[in-house]
Each structure stands twice: as structure tokens, then as C-alpha cells.
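Everything below concerns the one structure shown next.
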Amino acid sequence: MNKVLQTFDEAVKDVPDGAVIMIGNFAGPGGTPFYLIQALRRQGARNLTIIANTAGGIGLTLDYDDHRVLFENKQVRKVIASFPFSTSASRPSAAEKQILSGEVELEILPQGTLAERIRAGGAGIAAFYTPTGVSTVIEKGKEVRVFDGRPCLLERALKADYAFVRAFKADSMGNLVYRGTQRQFNPIMATAARTTIAEVDEIVEAGELPPESVVTPGLFVQRIVEVKEDPGFPRNLKRSFQVRRG
Amino acid sequence: MNKVLQTFDEAVKDVPDGAVIMIGNFAGPGGTPFYLIQALRRQGARNLTIIANTAGGIGLTLDYDDHRVLFENKQVRKVIASFPFSTSASRPSAAEKQILSGEVELEILPQGTLAERIRAGGAGIAAFYTPTGVSTVIEKGKEVRVFDGRPCLLERALKADYAFVRAFKADSMGNLVYRGTQRQFNPIMATAARTTIAEVDEIVEAGELPPESVVTPGLFVQRIVEVKEDPGFPRNLKRSFQVRRG
Amino acid sequence: MKERLSREAIAMRIAKELFDGAVVNLGIGIPTLVSSFVPEGMTVIYHTENGALGFGPVVTAEEMKEKADIDLVNASGQYVTPLPGMCFFHHADSFAMIRGGHIDITVLGVLEVSEKGDLANWMFPGRGVGNIGGGMDLAFNARKVIVATEHTTKDGKPKIVKACSVPLTAPECVDLIVTDVAVIEVKDQRLLLKELAPGWSVAEVQALTEPALTVSPDLKEIELL
Amino acid sequence: MKERLSREAIAMRIAKELFDGAVVNLGIGIPTLVSSFVPEGMTVIYHTENGALGFGPVVTAEEMKEKADIDLVNASGQYVTPLPGMCFFHHADSFAMIRGGHIDITVLGVLEVSEKGDLANWMFPGRGVGNIGGGMDLAFNARKVIVATEHTTKDGKPKIVKACSVPLTAPECVDLIVTDVAVIEVKDQRLLLKELAPGWSVAEVQALTEPALTVSPDLKEIELL
């Protein structure tokens, strides 16, 4: 039972055209599987459906190559996100142009609904009712049903073929721990994919992570790759990693 | 903002007749709020609805006074549980007799549905669809709906007026950590009650629990009481606590 | 004298709505400033959508080199500082807190707010696109929704309108509107004018507001402290 | 020679269904014994409903004083031992694993199993009451459901029946039936007799089984090792 792979290229080798991929991502590089995304760009699978909080390149924080590179490389057919567009009108992202031109299909969701649909996918919950979105554009095409006097929308589970997650440490069983706000979507995405690939700072022996501190139990993780030092790493991102490690 | 109380009696003082109470409990005393239950027996509120995995006194493990004492004291009107009956036909619990006589109403649920309904209560999910229970007695009175070819039952959220939870340590903000399998229903019940009361081994200063290790964030916990040494503690239970502390 | 309140003053007024132990989620813009005006001795616990509770102030430009940590950011992508008693959790748990009604107060920005308390704040006007993010869950589910806004757009048009012209974030969700000229409570689908900025009259505020305002019997000047 | 397999032998046969890295949940009774027969060098990861994964063997009577820990128990209330790489989680997360299809194999006990693979094991016969516990979620949702049972009741009546007479745990859920006289696969709503206990004939097993058995072309004697 060996889950550890040596390269990111090897880890994403079998991603087929048309795959559904969840990518952990929120406000900066801390919890983003940067190297897995780069490897997928090199690998070149097309017609992908990306499930992530953004469609990449929203320009909110540190400027770095997140999954916007998959849009720039025209690998994406559909994106399911809550924050798909750049925060800057003058610097629209590749995804924005492709969405507006109809080249990429967008399903936009409230962030909590996106998160809960992913959790439902991992938890075997076929669908659930949430109040969020009633009488807004989100309602369109969805069943509305009243519970205890409050109208709710029926939302379906989301699953994926792959989840790309970023964690702090993994042990050899695949157990993951996260650092600070690195967690975000990563732990729930890890539960909702057939194949979860974790990009981590460090792989340790089983038993080195305190059993009560494990956030993603190992059964959810199929492949683990450790981040090595990389001279070609984007300058801004590297600086921030130095902050982290210092 | 002081959440710490000195006595268990004080902590349960305001429980009214007819209250709905969730009680953390599973296979032995490790995660059971023993002292809160004892205090509620002394306090005497009646017509209670108890939501817990068992109805107390199932005889599976160490013999100790769990929430069976609330049934023996005739404080319970209804119980929602997955494992309500004693494992021993020759030693039926108080709850079993009261359920069979009609004195106490029982809603029996699969354990995963019970857990998920509690989580839904805390998470603002009005209802959800689960495959578990279709074409069994659990289906009765529930909507069946097919998703992706698989029939599912519609299950509603459970909420409570109070949750009695057992944890290992609390900090002054109400953050809780649990030891080993002590977790079970406690973290989800803490989210689903208007007033959550935590019984803990130790209360520490804010900052002493590593922030990544917190399992129940403080906003879910309104009252905290620390367990003091108690010479009247049941012998079996005390022995096992000594095992733990040794 | 018809001076309008500064963004800081709006934030100061909103800070008066906080209470000891309150769990608060602040949106981008003026809302973020509210944290600077919490009274001494009061514990306010901040929540951020990306999964943290009880963290400290935003890292300032001067502190950046020393304190910025890419694993300690808020939902706006700002670096924040650690505080004893903070904790972390994942996105589903974070929105369970929001949707489950565990957030006492959220402070959000505004494109338009209607007389019924409908809020619209997610579409970029003119660009035809928008980001929903966590705002919709907050607007629907926080116990108290406060909006912080200039009373009018840069072109002088009312932001408080009879009915929103842009896509809604949430219908009938706003409890309190704090602007640079007034404090208005949304009550029973009406707008109750409760406080005026110094030097402003009811008529002057009404002139900048599309729907009719009901004047509170306790109308007073905004107090910031 | 018509000896029936011991409970341990049934468990040994079931252990052959495990594979390296398998995530396994064992019910009470014979199922619990399966963990004693995992081949050397194979990693099997045990899951328990109360929220632990990757723990070690049950604490024996002799070890009790030294090793029993009330915060390290399985779903049957037995003390278990720690193992490097184990982890803990709460009940909703634990059943998310089960319901979400993340448990490779569950081994459960039986009151009755039907020719379609319906399983009934939660009602106490004669007492009119029953405990559902975690078994129903496991029976509905584990990837492979193996049942371990004596072929007949103490009174000699078949436990493998045309249709269950007691309330179901889950319909059409059982993949493999391992008894003290045979191994039977449930396939396309039929019972495929695959292995016989030493000395038993097809006719003898059929005589103890209510529905008609289909005999596998590869029928063989049960191999335990």
C-alpha cells in the first residue's frame, strides 16, 4: 500500500480528457496545489470540468499562476465556482473572456452551497435543502420547498474524478494535516473524488501526526507528492513560502 | 464573556419541562457527560425529549449510570435513538419497559441518519436525501425519491434546546478538544443546540490548545464545567478514568 | 454644514452594534474597518468564510515583512494576525456556522438596498458579470445583517431604492442600513429613519432616498462613541 | 464426515476476501474474529462507527488492566489498541465515510438473508424490539457486504430463506455469504454456491437452504489458507 509518488507529472498522468477535477483554492497560494496544477497544464488533458471556488486569476492577493493557467491553455470546458471573475475590471481573467464568449460554461453558486454540495458528494448525501439563494438567480431551474415556513432550494451533490488538494503534512497512510487557513476547500474535496492527490510540504512516517489532529483521514487520499525546492518557482509565491517557513 | 460555571447544578438549572436535549453517548463512559446527566436528574425537569444514540442502560460495556437514570426517574417523554434497547433480553432497560408500555415514545433511526440529521440541524440544512433505510421500517411516513437511479429517503434536521457534551479540554473561549473515540456524537450535537453545555476534564487558558487541533470551535459552546474529583463516583467508571489518567 | 461621514465614521457607528462575545463576519471595504473601533474590553470574535474564528487584526503594510503568513488570511485575501483562542476549520464547517445561524452579525457592502430590505451587492454593474462568494450565505443566514454604504452612488443616485434593479444577493435580509448621512432600520418592510449625520435634516436625507422614510419618534443625531 | 466449520474457520475464510489497503468495518460476533486472520504483511485499515480508523487489535482479558482506555473503544464497546497512523473523527464524518462509499468491505452478522441478498439482522426475535445502530448504513453503503453466519438456526431452520420474515436491514445488499458449511455468492438475485465445507455435498447444503442454489461451475472445497 504505497501512496507516495516522486513527481507531480506521475501523479496526474492518467487524467483523461473530459475529467471532472476539484481544486482546493482560496485567497492566495497557501492552500492551492500549485505544482499539481502546473503538472496538469503540462499533461494537457482537455475538456475538463473544474470545481473550485474561483476560476483562477481573480487578482485578489499575491499574483501567482493558480488554475488560471488551465483556462489560458484552453483545457477547460466548464467551471463550477462561487467567485469566478477577476476583482479588477481592467484585468479580466482568461476564464472571464472564455465564459463571456461561451467557450467555457459557468455554473455559479453561493460559496456555502458549493462547499456543502462537495461535502454531500463525499458523504453519500444525494441532495439537500438550503435556504441560501431563494428568490435570486441561483433559484433558476431548482426546486423550491418550504420547511418550517422558510423556503429552501434543492441542491445536488457534487463529485469528481480527481481532487487536487494542498496540505501541510501527510503521513504514509495518507492522513493529512493543514496549517492555519490552508484548510478551506481541501478537506471536503478530498472526500468527494474517486482519486485524491495531495501536494504537501512534508511526508512523515505513520504515527508522527497526533491521531486527534488529523483532519483528512488517510482513506480519502490515494496519492501523495512532496514539494521539493524549485528554483523556477514564482518569485512572489516563493517569498511567501519563506515567510511561512521562517 | 464568561462561559465557565462552577457546578453542574448551576449549568442545568434553567432546563424547562418539555425541553429537547441531545446527549453525547456511545459505548462506554468516555464521551458521556456523566455529571450533567446526574445534575439533570436532581433538577427534575420532566416531559423531556432525549436525542442520543441509545436510550441508556444498554449493558454493552462498563456498567454505569448513563442517561438511563432519566428514564428511571420518569423524566422522559420521547427518545430519538439508533440503539434504544438493552443488548440483554434478561436485563431490559427502564427505557425498554417504558417504550413497550407506550409511556415513552420512540423514534428509531439508522445511526448515520441520526448523526446526519443532527449535523443538518447545526448546519442550517433543512433536510437531505440519504439512501439508508429505503424499503425498511425506516421508510414509513417518509418521502422516497430517486437520484441517479438510487432511491433515497428525505430526512429532516434535528435541533435541540440543550446539548450535553463531554470533551477532554476546553479553553476559556469554549473551544473543545476530545481524546480518542470520546468525540463520537459530541461535536455535532454541540452545533445543533441553542445552549451547549460542555463537561470537561480541564479548562485551560485561551491559546493553550493548538488552533489547528480544536474540534469544536468556541462559538458553539455556551457553558463549560470542569469535572472535579468525586468520591461518590461509580466504582467501575472511576477505575476506567484512572486507566485514562495513568 | 452638510458634511458626509467618512468611511471610518460609518465603521465607528456600526461598531456600536457589536456586543461582548459577538461572533462577527465583516465583508470587504467599509465593513473591514469596523474592527478598528471595537470598544476597549469588549471581546468580539471574528469569523472568516475560509475557516478561521477568533483571529486578530489585519497585518499592516509596515508589519508585512515580519508578520504576513500565507496560511493566515481572511476571505478578502488579507493577512491577519494570530490571537490566543483562535481556531481553524474547513469550508463546509465554516458555512455550517453561517447557514446554521451561528454568526451574530455580518456587515456587508451595498450596490442597492430596497425598502423591504432586499440586498444587491454581487454583480459588477456594467461588466455583466459578478462574484457571489460567501456574501449570499451571510445575507441569508446571519442573525443580524448590517449594511455599510455611501447613501448615494458616485453619480449622486440613491442606493436605497424602491426595488433593486440589479440581481439580488438576498431578499428582505437587511436589518440596519448605516450610511454617510443616516442610520435606517428596516422594520416590517419599511424604512425607519433613526439617526441623522450632524447638520442633516430629514428632508435632505429623504431627497437622496428613493422610497419614503418613516421617521422614528426617537430620531436623533448619529453618535459615534 | 459432516463437521461444520468453527466460528474461527468462518472468519478465516472471510479474511481471504481482504486485500492490501482495504478499509474494513467488522460487526459484532463472528465478524470481529476476522481481524485475527489477516495475512502477514497485508495492511488492513479498520473503521469503527464511533469515529476511528486504523486502530489495532482488541485488548485481551490479560492486557485489560494495562491497556484498556475508555477513550479507545470500538462500536461494540470493546477496548482496542493504538496503532501508528490511526486517526479520530466525529460521528457525522464517520458515517460520511460509510454513506459516501469509502468503506471497501463490511462483515455483518445475520438473522436471515434472502435469495436476492436482502439482509435482516437488527430485530431481536421474540422480543419485539431491536437496535439498528450502524449496521443499516453499512449494509446499504459499503462497497462489499459479506455476511458471516451459521447456515441454520439453533433449531435447525434455514437462515438463508426465500424471503425474510423479520424486518430488513437492507434489501439486496449482500454480496457474499460465508457459513459453517458453504460459501455462496449473491449474483443477479440468485445464490451461486461456490465452495463447500469439507465432506459436504451440494445436496446436503441445499437441504439446509430454503431457496434453490445455483451451483458454480468452479465449485470447490473451502480453502482457509
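By written order: A, B, C and D. Residues from 1 in each chain.
Quick note on the criterion: contacts are C-beta pairs under 8 Å (C-beta built on N, C-alpha and C of every residue); 3 or more make two chains touch, one makes a residue touch a chain.
As the structure is a computational prediction, the values presented were derived from the model and not from experiment.
Participant: Report which interface contains more C-beta contacts, comparing B-D against A-D.
Facilitator: B-D
Participant: With chain centres defined as C-alpha means, what is the inter-centre distance between chain A and chain C in Å?
Facilitator: 29
Participant: Averaging only over C-alpha atoms, locate the centres of chain A and chain B and give their separation in whole Å.
Facilitator: Distance between chain centres, rounded to whole Å: 34 Å.
Participant: Among the residues of chain A, pick out those that touch two or more other chains and give their numbers.
Facilitator: Residues 116, 119, 123-125, 130-131, 178-180, 211-212, 215.
Participant: Would you pick out the residues of chain D that each touch at least 2 other chains?
Facilitator: 88-89, 92, 95-96, 98-99, 141
Participant: Give every touching pair of chains, nothing left out.
Facilitator: Result for touching pairs of chains: A-B, A-C, A-D, B-C, B-D.
Participant: So in the complex, which bits of chain B are touching chain A?
Facilitator: These residues of chain B touch chain A: 116, 120, 123-131, 147-148, 150, 152, 156, 177-180, 210-213, 215.
Participant: In their shared complex, at which residues does chain A touch chain D?
Facilitator: Against chain D, the touching part of chain A is residues 1, 119, 121-125, 171-173, 175, 191-192, 205-207, 209, 211-212, 214, 217-220.
Participant: Along chain A, where are the residues that touch chain C in the complex?
Facilitator: 26-31, 58, 60-62, 82-85, 87, 89, 96, 99-100, 108-113, 115-116, 118-119, 130-138, 168, 178-188, 215, 240-241, 243-244
Participant: Considering only the defined contacts, which chain C positions touch chain B in the complex?
Facilitator: Against chain B, the touching part of chain C is residues 20-21, 23, 43, 45, 47, 53-54, 82, 84-89, 92-93, 95-102, 141.
Participant: Chain B touches which residues of chain D in the complex?
Facilitator: 48-52, 68-77, 88-92, 94-96, 98-99, 124, 126-134, 136-137, 140-141, 167-171
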